[in-house]
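Consider the two complexes below, in which subunit A is the common component and subunit B and subunit C are the respective partners.
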Partner chain A sequence: MIEPSPHNVMTTLTAIIRKVSPGGHKAAITEATRLTQDLGLDSVASLELLSMIDEELGLFLEMEDVVGIETVGGIFALTMRRLQTLELSA
Partner chain B sequence: MTYDALAISYPRSNDPLASFLTSLDRFLVEHVDARAIDAAHRIPDQVLRGLADLGAFGVTIPEAYGGSGLGLLAACRVVDVSARRDRAVATTVGLHLGLGTRPLVAFGTAAQKARWLPELAAGSRIAAFAATEPGAGSDLSRLATRAVIDGERVRVDGQKLYVTNGRIAGLYTLAVASDLAGGGALIVLEREDSGLSVGPEERKLGLRGSSTTPITLAGVEVESARLIGPTGAGAAQLGHTLAWGRTAMAAGCCGTAQAALDATLAHVRLRHQFGRTLAAQPVVRAQVADMVATLHTMRALVVRAATAPDAAEHERLSLAAKIFCSDGDWAICDLALQLHGGSGYLEDTGLPLLLRDARITRVFEGANDVLASRLGQIELTAPRPPTADLIGVQLSERLAAARSQGLAALRDPVLMHQIGHLAVVREAAASLVPPATAADRHALIRLSESALAIGARSSAGVADLAASVLDLESRQ
Partner chain C sequence: MSLPPRILVFGSAGFIGLNLVDALVAAGHDPLCAHRGRTNTLPLRRRGVRRVVADCGSPDLVHALRGTDVVFHCAGHYPRDARTPELTLLRAVDDLDHVLTSAAEAGVRRLVYVSSTATVAPRADGYPSNERDVFATRPHIGAYHDAKWAMEARAAAEERLEVVVACPSACLGPWDLRVGTASLIVATARGDNPRHPDGIVSLVDVRDVAKVLVTLGTMPEPPPRVLISALNTTLQRLLGDVARYFGVAAPGAALSLAAALAFADSEEARVAGTPERALLAREIVDLVAHGTAIDARLAQSLLPGGFTRFNATLDEVACFYRKLGIIPSRPESTLGTQHD
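After this line comes the complex of A and B, so read on.
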């Protein structure tokens, strides 16, 4: 598992997003980047992206955790929260 | 009772298309020789001209541009009627009405529509759609053909495979990767564009009269106004277009299955075995009933998909229709051949052509197994209200198993595939509720049996056998 610093988490998220988004998404990815309008992901593809992050970082996310997330910032916040929870319970 | 093939599942009264479909069917019966087209590997020019004169290429193009301004259901019925007489003709027309022209009609700017739609409606320019590439088949997120935008100009480089209508098209809509927001885009290229070259015809198992070629884009430079609609909307445009294409293709499956059923009914009524006609024999009667019920369900599902109320529902229903209708088409053509006995294996009966033509529909426009997994993911993330019937129970059990895995379930392709197939059966059954006819009731029983079989499918032992077969090389 990666060291859950904000920089490490954002770098990991960015790498995964570039891997799964249509055309590789060459533009800059920030917390304001929207999953649908900017990355071209539909609802299932958005959840697939979250699923890959779940796998990569070992977050063990439930479906209910992720419904309604619309931006990379939303993913970042959820990931940070979850990593910190995992750390506390370890 | 007379069996009215075209009336199954489609409107019977006050039908604005009835007169056109009658003229179309008459033209096809008089001028289209399916076996000759298959042998020649092309549709005669005079057939294409005749279809254009009838208005077949303009059915879904707005009246302002010379078309009839009708919707997807009308396109489906044109494709269905055409496929009953020849699947290559139906594929040529259907691709034009669906994937070929839909992006421009739905998303094109006023200038784009004015420039291309009149010729497309008249059939003087036939449309093609190019998505598949050497490295991207059912997975369109990995397109390598790229549109590089530089101010008012766009440069396109890449290669597209299996382009239906490739040789005869005058206009190509391409799915490309780009640096635009969203990553993807649709772009229109003309046959005359410098750098666009059409490769040789592919030699195929079936659909031989339908043109299938590769196209190569080597430094094609066009004005950026060739990009369809607002920038950044590529993924949504592509999703809408593919749902249209899948639905029209499913309608074509109904037409081919209809041809197989027509041939079967004629044969079993005439052919005597064991002192009576085949039609009088219980096992044959049950099989013919299965064929009719399956075709009835296919058309009912196509109608639902073609009239879906919104984009999400259209995607779900178009996936179900594509999978169910292509599987049903294959099953009906196979059974038709079986009921013809040895003669069904002979080209002269026309059955081998139907079977060969039907086979690709389970593969193109998204392989059925890939689409089933996609439908499973949709079902998991946006489930329909559960039902208490056998199909609903099977589906609910699999969904509960998936949810217990959390988000990781989306990465379980076997489970997604199983849920997707159950969702197909559920959507097919929902197309027949409430059951009003003997065909509805018969089909619902068969669908329940099908759900039970899918639900009972076990993965026990599969992993071990798969590993012993597929990983052999790595252990040597």
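After this line comes the complex of A and C, so read on.
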């Protein structure tokens, strides 16, 4: 599991997002970046992205955690919460 | 006592696939769940089932299939892009041919191919169609029907291994994360009053489909083709029942077929190359316009307890989509018309 610092988490998320977004999304990725309008991900691709993040970071997310997230900031906040919860329960 | 069959499920991360995995596990099997490298594997991982990355189009598919007795193929090409029907049809048949050839080379004993009631031809005598009714030639209805027909014809012609063709009607139930077949139902439940055509639609609870598939994969002498459907109705009546169930306004009048086709085609063109979904998919219009009532007594005979009541299916659909926030939570009104 990565050290759950905001910088580490954002760097990891950015790397995964670049892997899955059409064309690798060359522009800067920030918390305001929108999954659909900016990254070109439809709802299915967004779920695939969140699944990859879950597997890569070992977040143990449930489907109801990930549906409805629309921005990178939403993923970042969810990831931070889960990592902190996992760290506390470890 | 014979050993249980070694089972592999293609499309195990999808709608029918996930329900099939649940039914297999409930029946005491330990399926190997195949999925594409890039897909949403969260539901599979939470189930703790065995997984393998195996794309149906990969050149070394035979490797993934070795040691398998029974394959469930729930990953047939979905002919979504109706604007290039010839390419769609070629790709669909090529993909299935590759799976069948790989399965034969790997020594697979039986393959259960999940097709669709889109391949079911209406009867001249007006009675509901049964397992013997299939379009004799390409129906030329649209990319979806034509590709499904071509794939099923290819599956039925297979002689190197036993192939069972299962034709579920429109599936409803949990784990339809793409909100495909259920799109008009979900839109109605949300009070969006979606534009829609009218015609005969047939429906079935996806969990019933999964149970029938398990039987087809494991019974000694399965029938070659089974239609799986619980309910014949019309789309207008169905959406009215859904609206009553969810306590929202009744659906507006149905579009004429010409208007529905024009709207669906304009939607397909509008969303092409974008992450947006068409508000009305062309294949939905084709399915409704060319729908035929289904006689599913054979499937019923394979399903102990019979098909799930429609309102029980709606209960599950409501629960699932509310949990995911796709349908807003609100107090349920009185239940809709009983269909069963």
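By our rule, the second predicted complex is superposed on the first by the 90 of 90 C-alpha atoms of A that agree within 3 Å, B and C clash if a C-alpha of one lies under 4 Å from a C-alpha of the other, contacts with A are read in each partner's own complex, and residues count from 1 in each chain.
Just so it is clear, contacts are C-beta pairs under 8 Å (C-beta built on N, C-alpha and C of every residue); 3 or more make two chains touch, one makes a residue touch a chain.
Predicted model only: the values in this text are computed from it and were never measured.
When the two structures are aligned on the shared chain, A:47 is found in touch with subunit B and with subunit C. Of the two partner chains placed by the overlay, only subunit B lies in contact with A:27; subunit C stays clear of it.
Looking at the shared chain after the overlay, A:68 reaches subunit C, while subunit B stays out of its contact range. By the touch criterion defined above, A:55 lies against subunit B and subunit C together after alignment on the C-alpha atoms of chain A. By the touch criterion defined above, A:86 reaches neither subunit B nor subunit C. Comparing subunit B with subunit C, the partner in contact with more residues of subunit A is B.
For the contact definition in use here, the residues of subunit A common to its subunit B contact set and its subunit C contact set are 20, 40-45, 47-48, 50-52, 54-55, 61-63, 66. Those residues of subunit C whose C-beta lies close enough to touch subunit A in the complex are 38-43, 45-46, 177-179, 274-277, 323-326. Per the touch definition, subunit A reaches subunit C in the complex via residues 20, 36, 40-45, 47-48, 50-52, 54-55, 61-64, 66-68. Of all residues in subunit A, only 20-27, 37-45, 47-48, 50-52, 54-55, 60-63, 65-66 touch subunit B in the complex they form.
Across the interface of their complex, subunit A is touched by residues 140-141, 143, 146, 177-179, 181-184, 232, 234-236, 239, 312, 374, 377-378, 380-382, 403, 406-411 of subunit B.
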